[in-house]
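Report on the structure given below.
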Amino acid sequence: MSKSKTALVISAHSADFVWRAGGAIALHASLGYEVTVVCLSYGERGESAKLWKQEGMTLEKVKAGRRVEAENAAKALDVHDIQFFDLGDYPLELDREAKYRLVDVIRAVQPRFMMSHSHYDPYNTDHAYATNVAMECRMIAQAWGHNPGEKVLGAPQLYLFEPHQTERMGWVPDTFLDISDVWDKKRAAIECMEGQEHLWDYYTNVAENRGNHFRRNSGGQAGGRPARYAEGFQSVYPRTVDEL
Amino acid sequence: MSKSKTALVISAHSADFVWRAGGAIALHASLGYEVTVVCLSYGERGESAKLWKQEGMTLEKVKAGRRVEAENAAKALDVHDIQFFDLGDYPLELDREAKYRLVDVIRAVQPRFMMSHSHYDPYNTDHAYATNVAMECRMIAQAWGHNPGEKVLGAPQLYLFEPHQTERMGWVPDTFLDISDVWDKKRAAIECMEGQEHLWDYYTNVAENRGNHFRRNSGGQAGGRPARYAEGFQSVYPRTVDEL
Amino acid sequence: MSKSKTALVISAHSADFVWRAGGAIALHASLGYEVTVVCLSYGERGESAKLWKQEGMTLEKVKAGRRVEAENAAKALDVHDIQFFDLGDYPLELDREAKYRLVDVIRAVQPRFMMSHSHYDPYNTDHAYATNVAMECRMIAQAWGHNPGEKVLGAPQLYLFEPHQTERMGWVPDTFLDISDVWDKKRAAIECMEGQEHLWDYYTNVAENRGNHFRRNSGGQAGGRPARYAEGFQSVYPRTVDEL
Amino acid sequence: MSKSKTALVISAHSADFVWRAGGAIALHASLGYEVTVVCLSYGERGESAKLWKQEGMTLEKVKAGRRVEAENAAKALDVHDIQFFDLGDYPLELDREAKYRLVDVIRAVQPRFMMSHSHYDPYNTDHAYATNVAMECRMIAQAWGHNPGEKVLGAPQLYLFEPHQTERMGWVPDTFLDISDVWDKKRAAIECMEGQEHLWDYYTNVAENRGNHFRRNSGGQAGGRPARYAEGFQSVYPRTVDEL
Amino acid sequence: MSKSKTALVISAHSADFVWRAGGAIALHASLGYEVTVVCLSYGERGESAKLWKQEGMTLEKVKAGRRVEAENAAKALDVHDIQFFDLGDYPLELDREAKYRLVDVIRAVQPRFMMSHSHYDPYNTDHAYATNVAMECRMIAQAWGHNPGEKVLGAPQLYLFEPHQTERMGWVPDTFLDISDVWDKKRAAIECMEGQEHLWDYYTNVAENRGNHFRRNSGGQAGGRPARYAEGFQSVYPRTVDEL
Amino acid sequence: MSKSKTALVISAHSADFVWRAGGAIALHASLGYEVTVVCLSYGERGESAKLWKQEGMTLEKVKAGRRVEAENAAKALDVHDIQFFDLGDYPLELDREAKYRLVDVIRAVQPRFMMSHSHYDPYNTDHAYATNVAMECRMIAQAWGHNPGEKVLGAPQLYLFEPHQTERMGWVPDTFLDISDVWDKKRAAIECMEGQEHLWDYYTNVAENRGNHFRRNSGGQAGGRPARYAEGFQSVYPRTVDEL
């Protein structure tokens, strides 16, 4: 059921994984990872202003439109599997059944690492909620008494991807990933988000400036790596290593 | 002057590198690193209570005794080079000349990573002072206008090794290093510190419990690595990586 | 439905808006604002000790008494509209219906700014809960897909008013408001809270000392404004300005 | 109903009180306290890996086994009363009825102090949840309008006992308790936890090293108390004293 | 030289100990403590605006006036010994000689507890500087190699007394002391500060409101102690106790 | 000597004011402010890599080149007065004489607001040092006993301008300033920094993305202001206002 190299991205709304982790997804796909994306909602109520401004719009049409965009973006990023939980947004809520469904995915994927949102977001309570759920479901997936007989989860890292207005979220990146080689894929995925065109350049700027941070932290003018685009992540758990 | 694999440990007092980074030193030596240790002081005034309780003790005798202990420990850990700056302790202070001397060492070593104390220590202001100096001298070593013509420093990580009473220091480990293979060397080095025998078991307990943390964070009962001894470190700067 | 100058205060219990924001309410009323107050509960179980010590007291009597006090205080402060959601206290809980009711008020009022409690309160979990709800409902009110066709909310500031024992709540005021001109109204409103007479002088002291802080921060002995009474607030979101 | 010297420990899973507060329990029992322990769950799903690896294991068998272990440990620690709420774990959840049941216990015990978990635990969301519930139920127990006529709660301290991997939990001990005199009882209680033998030495190391912290903070080499074993606690509320 | 019950207050400017610790001083004097106060400066430049507004004022006159006020206040508080280091203010600076002078006092007094300012103060950098010096000199006083043969210091608590605008200083009180019995002495000492009459009522308000906090934290309406005046303190080090 | 509308920017190195506050400077100049810039050093050693890579470079040549660049940028931004303290960099240090020189400038300018760097910067210790000095000199400038007879300083806000890698510096913007109208001037000033061309686009991206943050925080898609470029600032002190 699980493959040796896998990753799991838990996205509160259907576009979050593109802006915030698109480079990591495409890069790891290129490294042989099977990356699964779970969209807990479509962001249909709260992140689809442009659609709602159209005549005759309905919730179902918005959801369908958002789904197509997300599927296209997933394709552009070489996502292995994208799942839509369709749990509603603004607010997003998971009952126990929905949590167990997420646990099932975690156990099936057996990810080497997981990704989700920042711990705190005063603009968007769905984001922090998704992260809390990610931590809770990771814990349940590790429980030997949950669906005994299934393969229990190890201890994958949980990376928090970059929120909007990072400093107000208390998000501090500890890891920069060079995504220069897959930037074209990320930009293509970004452009699938037709309803949020105002963010295309915003996240391109972010990627360029994180590239600067990568260069600085890899040596700067004295040997730094010439990364052009990067993504930043905050780790929830410590690393375990054999060499510093 | 510099070699491809090097590291630099900046120790406020002559025993700190043993308790707090002895495993990392011995392990990286076994991996082919040349590890340099700089002891800014001998800890002669503040960390030599047992010696001072002896009859007829003098500052010079204490320093000589502490130096021998540190040299023996360094040998046990396969330290490449140990330097004693003899700057005095309780309080430790570096004037500009002393800082430039440390910059000279940093540039000569060109470390892949550096190590020093926690950012804060209300029990021991020398410790946080040494870390501030380490950050300042790292910055000076990166300046193209400092001794122009010398090879400037890149951007090595600065790892903060484990202080005493971690929680009161605001120290949070983000990296656990498996030191099981070199534990015998670390214990041997610890036993060189004859004046602080009351700490031998203390730091053995620390290493065992950090081993537990390593096991948990590498997978726990579902695939965790059976590390028996570990050391923890806090990173000051973000990592730059090609794979998460 | 909405007027150009409006504000909305979300109060966990029916007296909170008086102690913590009475001056801001009366002052903005005097500036032409229509201020709406929502009392999520009466504080009938947890903040009515004096009433409960009377013979033959019932929950309904306590609620009725608390309501009268709050209405009188609202009148003294020139509140435009006070609404009692009567959701119960100790603990306070809002289901989705109650949240949507609050969203309806937010949208109807279209406040220039909102007010609620501190982010954290280990003595009174209702307070932090109310603030979380305020942030969540502000978010829902901004969603174009929530009751499409209604006027969506802009981005009003959320001010956290002063809790009891500020330092233990992690509350840090960034804005002091001079309420000297309306102090008499605030004191009158305070005296409407007959069941909590032990707090009258407490919050008078607070207002006087915040007046001192206002004077200091507006210039101190070199040009500070002679405010006699003030209130402090913590902002959740950044300000957007044309001049610093 | 209540006795002059009482304490209440709220344990998310049935073994937590042993590792984290066993010394405090036994010591206060020896001082004449009646200590009540509430185990909100048995930890049957998430903290019983060893049992689940046995053939033919069922949830009921795990719970029964965990209960016996906890009862034996409680006996070893001279616990006055141990109550099992059997609310389930991974995740632990309390509805209003369960909270009121806990409030009933708090009021019946009228504890001088309470104990629970750290405020945050990214590995185990049950732990922080239990602490939130402890604060909420302490608040309800103080409400004069909750079950009017009952003796309301005063303001007992809530001590947060030591979590696993303290630094990642943001847990900072402010109080060290000398448990040397009752160490044998704590070790005996620890050994009742047959399913978690891998933690016996871990928590013995913790107790020894906290003993070192006790010695240091009580005077170190200049008059410190020769405590051999200690436990650390973080206080949620300030102390009120007549002498510093 | 030292007596069994002693305390040491380190005051950056000559009036700080009155506003911030006057109650603790008078109370402990009444309990048999010999309390020593060290005024590092007179606050002659920065905290004597009223004097400087007088005609013909000189630095020496200001210092003399401030000294008389501080001596009078010390008398009112039953201070055992007050020492003026006269090191200058705005900014305050201690060279090594001055630090060793303070170490001499610490060792001579052998205080059960020490007091100084908050860790941080963006309005008054002298305050945080004094606290850093207090921690550094406490460390030196503990060093067996500093003036060998002298009685070294144990591990006295360092209490941080209440700053102005507490929340902006990151100061969080963990201990409230009932000073009702000595309030008259504190008020008398406060009134010795003739040049800062604008602060008399300010700190009276503080004492009254801290009295409210004392009452709440000692039991509130269900058994709280009827303290009328209190002072709050933040502890730098953990406590070591035999009973919680 | 002072004018009604003035501001003061304290820049550790000669280019910092351009990247971090160029928009605020030009905007306030356009509003009639006289803006003074103090460059504590030229950044000659640490921030002039490109110059040092040229043949035959000397410290004096670097300083001269950096000065010309800064003067040109100041002209582009309509700076009223730019002063070069030439105190050296990497590390920057101010003795008492240099601090008093800065105090003289502060008092002469009598700024409505001041600006400097973030509180913390592990990459560049000069930056946090400059901010500490700014707070200290602000305090000295407020002292009635410092050069009695001079006009003492009121209580101007100290804005911390945007550092590189904001999240690692603990910098949190609370104020966004719309600089769209003066963006051309800022870009022109940026292009004066010929030695740091790699940062031109970096800070253009920053300004664009801060423009996005301005739009979001001023109302987003429901009435937000269409700012194209913005700068963010963190306030050290609270605001004092008459309307929220």
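Annotations
Note that the chains take the letters A, B, C, D, E and F in the order they are written out, and that residue 1 is the start of every chain.
Going forward, a contact is a pair of C-beta atoms (placed from the backbone, for glycine too) under 8 Å apart; a residue touches a chain by one contact, two chains touch by 3 or more.
Note that the structure is predicted; figures quoted are calculated from it, not measured.
Listed here as common contacts of subunit D and subunit F: A, B, C, E. Listed here as common contacts of subunit E and subunit F: B, C.
Distance between Cα centroids is largest for the pairing of subunit D with F.
Where the sister copies subunit A and subunit C meet, the same residue numbers recur on both sides for under half of the interface positions. Centroid distances from subunit C, each centroid being the mean of CA atoms, peak for B. Here the spacing of subunit A and subunit E, counted between their Cα centres, is 52 Å.
Averaging Cα coordinates per chain places subunit C and subunit F 37 Å apart.
Shared contact sites, meaning residues of subunit F that touch two or more other chains, fall at 49, 123, 142, 144, 168, 173, 213, 216, 221, 237-238.
Listed by chain label, the pairs that touch are A-B, A-C, A-D, A-F, B-D, B-E, B-F, C-D, C-E, C-F, D-E, E-F.
The part of subunit F that touches subunit A in the complex is made up of residues 49, 123, 164-168, 171-173, 198, 201-202, 205-206, 208-209, 212-213, 216, 221.
Subunit D meets subunit E in the complex at residues 7, 24, 27-28, 31, 113, 142, 144, 151-155, 157, 159, 173-178, 213-214, 216-225, 227, 230, 232-233, 235, 237-244.
The part of subunit D that touches subunit C in the complex is made up of residues 96, 99, 132, 135-136, 139-140, 142-146, 148, 158, 236-238. Against subunit C, in their complex, subunit A makes its touches with residues 44-46, 48-49, 52-53, 57, 59, 62, 89-91, 122-126, 168.
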